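One structure follows; several queries about it will come next.
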């Protein structure tokens, strides 16, 4: 049976995000094959009731964003869609930079963001993880819940993602030194 | 969006057998159309990682029968793994609070606990039930098996129950107050 | 008037960039030294009404104010020589403000999309391999009465109770006070020494002097604000109880980042 079907079954069984690394272990195939199979699976799932979400080397299955109202009626829990201006700004930085340290967020917003970050963490909208590039610092990354609430399958589907992310990264380079000083 | 996609999303979301009658109610379409759509869905799912299971006017999604061994291995591995620190911490809050909502647990822990709670549920350590005080939300309670595993008949027998439980309740209460401020 | 007061508060919490960007946009200007110079008075007068903010928050407003003062001084006194560092600060503020503008714009898009189309994760379930449905109970030896107590205590202990104000910010505030003093002196001296530079078109010398004197008065107000802020920092504990923060959040309708995200 093809690899993409195995991956689909694993994701369905787990019902939560699975890392690509974990899939390599379970299926005992090299990274490139997994990546290729994920690509095929994503194509298979286009225009279906189930969608494939990708975020930070993890993938998971969810219901198609077109069916929001149908599924929302099925669940009893109330959804909180309110975000303060501070939260929206902070979340936008984390989304469009696809992960940002607290120092970077503070620097861009010009104010201390620690309470906003805690509030976003508690709501599961951002995740604090150790920076892969520098394990002495943390980065806040967008969570799958955030992608879900935005109705997108990956950050690349954010409005104006490429354009914004390019200009932001270009600008951020010149600030790197200064942000480092603040850490 | 076509009916079979809606049915696929409902089955995926629910993760348990759903009666055809229930589908008629949710989707507000007559029986014949549902039956026809199920037929189409079944065709779509041929040769895929997910399969449609039918039994006695109920349908559900499962992993494809060819992948039984893969999934069983995965399940064994998942269930035999040691509980994470996050799981133990979450369990301790549920015990001392004698039933806590996900939002309360998230607030106390400062992070989203949904996957942790899922892991505890799968292992039968906690039970998710509708809150008797507020039927729009769920609470997680320690299972009887968990209590007897620790050699106690009720949570009150936990060490320093009153003191720790008071602190947990106070923390949950300050959460409630923050929530009220939003409303 | 009431509407105006409300705006001060609202803009207030959004931080110095929010305030500054709002002022620039209100005049339909682009971000550059000319527009920043044009809104400096507005910025300072808003800032002086933010007296009840925490020292840490005031300090972030003051940091920006100090750069605005440089820009303004330069526009009033073109022969004022700026150091490389001062010129760097000005460019840096412009760049940061442009960056903030990008995210401020995107955050409106995020707001309008958030929760409109939702991808749902499956409900909690006990999915089994084909045909299997078993009820399991799988405990772990780590679950004991005592370990549960320890875990609960640790979880409670890890909840944030204190906010540490970075010493860096305190130091910056103090140096800004010095800077404003220096700047005041510099402007006063320039005023005495360089009358020849006040021959702008359409603006009389007297008018220019009125502007500069008014500006100096404003500097004095800002300096006083910094003195208040730093005294509070010097005499007070630099740890703030979390409860206090929440109360403050309660008092200011716009400051709802902790409770109303």
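Read from first to last, the chains carry the letters A, B and C; within each, the first residue is number 1.
The working rule: a residue touches a chain if its C-beta (ideal position, glycine included) is under 8 Å from a C-beta of that chain, and two chains touch if they have at least 3 such contacts.
Please read all numbers here as calculations on a predicted model, not as lab measurements.
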item: Chain separated most widely from chain C, comparing mean CA positions; value: B
item: Chain occupying the most central position, where position means C-alpha average; value: A
item: Centre distance in Å when chain B and chain C are each reduced to the mean of their C-alpha atoms; value: 42
item: Separation of chain A from chain C, taking each centre as the mean of its C-alpha atoms, in whole Å; value: 27
item: Whole-Å gap separating chain A and chain B, where each centre is the average of the chain's CA atoms; value: 22
item: Residue list for chain C, restricted to those that touch at least two other chains; value: 120-125, 127, 129, 160, 256, 258-260
item: Residues within chain B bordering two or more other chains; value: 12-15, 63-64, 67, 71, 75, 110, 114, 118, 182
item: Chain A to chain B touching residues, read off their complex; value: 1, 4-17, 26, 44, 47-50, 61, 63-64, 66-67, 70-71, 73-78, 82, 118, 121-124, 127-128, 143, 145
item: Chain C contact footprint on chain B (complex, rising order); value: 12-16, 51, 53, 62-65, 67-68, 71-72, 75, 79-80, 82-83, 88-89, 91-93, 95-96, 108-110, 114, 117-118, 121-125, 128, 143, 145-146, 149-152, 157-160, 164, 167-168, 171, 178, 181-182
item: Of chain C, residues touching chain A in the complex; value: 13-18, 56-57, 60, 64, 92, 95-96, 98-100, 102-104, 106-111, 113-125, 127, 129, 160, 163, 168, 245, 254, 256-261
item: Residue ranges of chain C touching chain B (in the complex, touch as defined); value: 120-132, 135-140, 142-156, 158-160, 246, 250, 256, 258-260
